[in-house]
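One chain, chain A, appears in both complexes that follow, with chain B as partner in the first and chain C in the second.
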Partner chain A sequence: MQREWRTEWIKVRYRKVGLLLMAFLMLIFLWVSWALSRNTKEEMADGYRMIFLQLPMIHTILAPTMLAMLASRLCDAEVKGDTLKLLCTLEHKGRLFDMKLLMGACYLALFVFAEVGILFIQGAIYHFQRPLEPVQILFFVLQIYLVSFAIFLLQVVLSFFFENQILPLAIGLLGSFVGLFSWFFANGIGKLVLIWAYYSQLCFVAFDWEKETRVITYYNKPFDVFSFALLIVLLVAGYVIGKSLFLRKEI
Partner chain B sequence: MLLQCVRMEQKKLRHSYLWLVFLVIPVIPAVMGGGNYLQNIGILEAEWYSLWTQCSLFYSNFFYAPLIALYCAYIWRIEHLNHNWNQLMTMPIPIKDVFLAKLCLALLCTIALQGWLWVLFVITGKVVGLTGMPPLKIFSWILRGSIGGMGIAALQLVLSMIIRSFAVPIALALLGSIIGLLINNGGLGLFWPYALMLMGMNANQTEDMVGSVIGYWGSAGVFLLVFTIMGIWWLGKKDVVAS
Partner chain C sequence: MKYIIETNSLSKQYGEKYSVKNLRLKIRPGCVYGFLGPNGAGKSTTMKMLLGLVKPTTGEISMFGKELYQSNRMEILKRTGSLIEAPSYYGHLSGRENLEIVQTLKGVPREEIDEVLKIVRLSGQQKKKVKEYSLGMKQRLGFAAALLGKPKLLLLDEPTNGLDPAGIQEMRELIERLPEEYGITVMVSSHLLSEIDQMATDVGIIDKGKMIYQGALQKLHDKARSTISMYVLNQAAAVQTLERYGESYAIKGGELVFGEREELQVARLVALLANGGAQITRVSAKQKSLEDIFLQLTGKQVSL
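Right, the complex of A and B next:
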């Protein structure tokens, strides 16, 4: 197990995967900073809830393409290098799949950790009056991490299946589109079957906009436990199906 | 020779399913834009113009650049694989024609994509119950967007040529688009290639986003020219890495 784990890290050496994720992180920081800077001091009082609404929306646009790229990069050694046949004679085929997921999970964990950092940095810069509720951080991490991981799982399966990486990346782009529009549609079954829509589905902050005064009021809404449970089911089912497909894949 | 190179490049793209991607993805902003228009019909009163804002906003803001990046990355991917760089560079073809042929395809793709978007826009308008045909002004925005898009296509072609990964240039295009949104809000859109599509398409604006027409055309032309020269120069000067 350790040997395979080390091998995976050797495969991505010099591939600058972390650098690209850093670029996305920087962009998220800039985007949030820009969005916050457009608000008045009064509006900024509830800055944390503002960020808890903005970050998932930004994620909906960026993450599907970013995760498609991450999965494609991680699977490059096998797909582009055409080394699956060789690798699967040296290590257990299923474990290779697990290692890819574990690597993605590590990158994602660091990414989400850094995003929580962004939250605190913005709080320190703008001194939001309304305090941060610890449970909000927990909801935020669950929301961003699990949805991103589910998308990553889908992208890994696609990247392994299609030698031509157009399709996985196109599906990543498609996911960004679908996810983005899901914010504007009412809740329904359609949203629950689309994995990219879970960023909006699990959002725990909502807002009211008064047309006359143009004032936005943010408020907490209950964390959608049903959608969360469904996401876990989708994740487990996706893992079982994805792994069995990979095990049965002719190499 | 250039025409022959273009034909060669077209042959390389056969059976790539690229057309399917370009056919399907623009349908989503059209469908979603139409749905959004119907949901907010009380606020959106400018008919075709309102529908245009709904259909073009996300496409020109976030998705055109990654889409064309996908196309450019695929054009170069063929060369990055199977030692094809060596074959390409030893063929009795002027270097500039190699790059220009690929550029021609990327530009044609941009025009076709914009044309498809127009068709989808008209269909969406009819489905949501708008009467008559869209104003010609919107058509001129589509054309103007295509001109802006050409600079992006040239830049993506250069990036995909230099970066051997298929996915990285696409990710960079997405990053560039979002930075373009921020830069455009700062009023400096003319100096950032990725912002030109958004400006040209006049997405989500009632007043024209292009303040200076000469400035816009100049900027789009300069970007196209600079990236084309850069691409040809790089191809001629730098040694290839084939694997």
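Right, the complex of A and C next:
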């Protein structure tokens, strides 16, 4: 297991995976900063909730593309260099699949950790009056991390199956559109099977807008435990199906 | 252990078509086994099945005297190196880093990288990115990766594909010396008969997924006996003389064909026919080449 893990880190040398994530992180930071800068000081009192609403939306738009690129960076070297036929004589095929997911999981963990950092940085810049609740951070991490990981899992399978990485990237882009529209879908079965829709589904902050006063009031929604459980089921099913497809793939 | 690789009724079916059918491979330890066949004969599929990359439809595989299962595959393959079809490599990494991946996965000492780089003469190019390598260099790198861990068995699928004549010669020499210098049994596939002829000790000829010849290369050479052909003006007189003296012969396209004979026997035959009034115009010796035998076995033209 350690050997396989070590080789994965050799493989990602010069792949600039960190740079890719940093670029998206910077984009998210700028987007959040821009969104916050448009508000009055009074509106900024509930800045953290604003960010907790903004970030899932931004993720819906950016993350599917980023995750498609991440999966491609981690898996396309095997496809391009035709190395699967060599690797599969040196390590268990299933373990190779797991290692790719583990690599992605590590990068994603760093990414989400950095996003939590963005929260604190924005808090320090704008001095939001309403304090940050630890449970909000927990819900945020669970929401962003698990939905992103589920999308990443899908992209890994696609990256392994298509020699031309344009197709997985195109599906990533399509996912962005589906996810974006999902914010306007009514709740239903259709929404729950679309993995990209879970950023909106698990969003734990909502707002009321009063037309007369034009005041927006943010409030906490109860965490959607049912959707969360369903996401876990989809993740497990996706892993089992994805791995079995990979194992069955003849080289 | 009589055979390092042995298969029994090994078959692979894709849809209705058999890519490999009832193959019985028998590879002796310490030999260079040339696996010969036209393109699409089933060589790569067979080698992939041996490495567990393709699941056989039916049949058994034994390697190192042990039957190959999914559960013991990695254990058995630890003693095996392979180079299947085009070389496998990470283009963004250097040659050395590529070998580091294989060395780490095989769990062998790092010093071995230097040894195999030296064997394939890539020491000077080890820091260069593999995407900048020529095809020959990539092939040699793949060969070096296969040699890491001092395997007892090497499976090489068309290892000279795409190499220039010098590269082919170099690769051939390398393969030839492996059994003697490193105690490695080599199974090497090719569609080039001349190539196999120059480096193999044993040969298996496969066509349309079926083994049509298997044995020592020398035995195949023995089949390539010479024949004596004679052109005569009076064939009736010649036949009469031959019948009278009980000589065996065949008539092919107006010429008399005799089996392999010694010089003195040929001289005696010529004298007999001349005395019998056959009026000999030409006598020639024809060597049946390996190509002829291959053609006879497969019914296909072979690349030279």
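FYI, the second predicted complex is superposed on the first by the 251 of 251 C-alpha atoms of A that agree within 3 Å, B and C clash if a C-alpha of one lies under 4 Å from a C-alpha of the other, contacts with A are read in each partner's own complex, and residues count from 1 in each chain.
The working rule: contacts are C-beta pairs under 8 Å (C-beta built on N, C-alpha and C of every residue); 3 or more make two chains touch, one makes a residue touch a chain.
Every value quoted in this text rests on a predicted model; they were computed, and no experiment measured them.
In the superposed three-chain model, the partner touching more residues of chain A is B, compared with the other of chain B and chain C. By the touch criterion stated above, A:Glu210 is placed in contact with neither chain B nor chain C.
In the overlay built on the shared chain, the residue A:Leu87 is in contact with chain C alone; chain B does not reach it. By the touch criterion defined above, A:Ile251 reaches chain C but does not reach chain B. In the superposition on chain A, A:Ile166 makes contact with chain B only, not with chain C. By the document's definition of touching, of the two partners only chain B reaches A:Trp34; chain C does not. In the superposed model, A:Thr7 makes contact with chain C only, not with chain B. In the superposition on chain A, A:Glu42 contacts neither chain B nor chain C. Using the contact criterion defined above for the overlaid structures, shared-chain residue A:Phe185 touches chain B, although it does not reach chain C. On chain A, the patch touched by chain B and the patch touched by chain C overlap at residues 15, 80. By the touch rule above, chain B contacts chain A in their complex via residues 16-18, 21, 24-25, 28-29, 32, 35-36, 39, 58, 62-63, 66-67, 70, 74, 77, 81, 165-168, 170-172, 174-175, 178-179, 182, 185.
The touching residues of chain A, counted against chain C in their complex, run 3-4, 6-7, 10-11, 13-15, 77, 80-92, 250-251. Only residues 48, 51-55, 74, 77, 80, 82, 84-93, 97, 100-102, 104-107, 142, 145 of chain C touch chain A when the two sit together in their complex.
Taken in their complex, chain A has these residues touching chain B: 15, 20, 23-24, 27, 30-31, 34, 61-62, 65-66, 68-69, 72-73, 76, 80, 164-167, 169-170, 173-174, 176-178, 180-181, 184-185.
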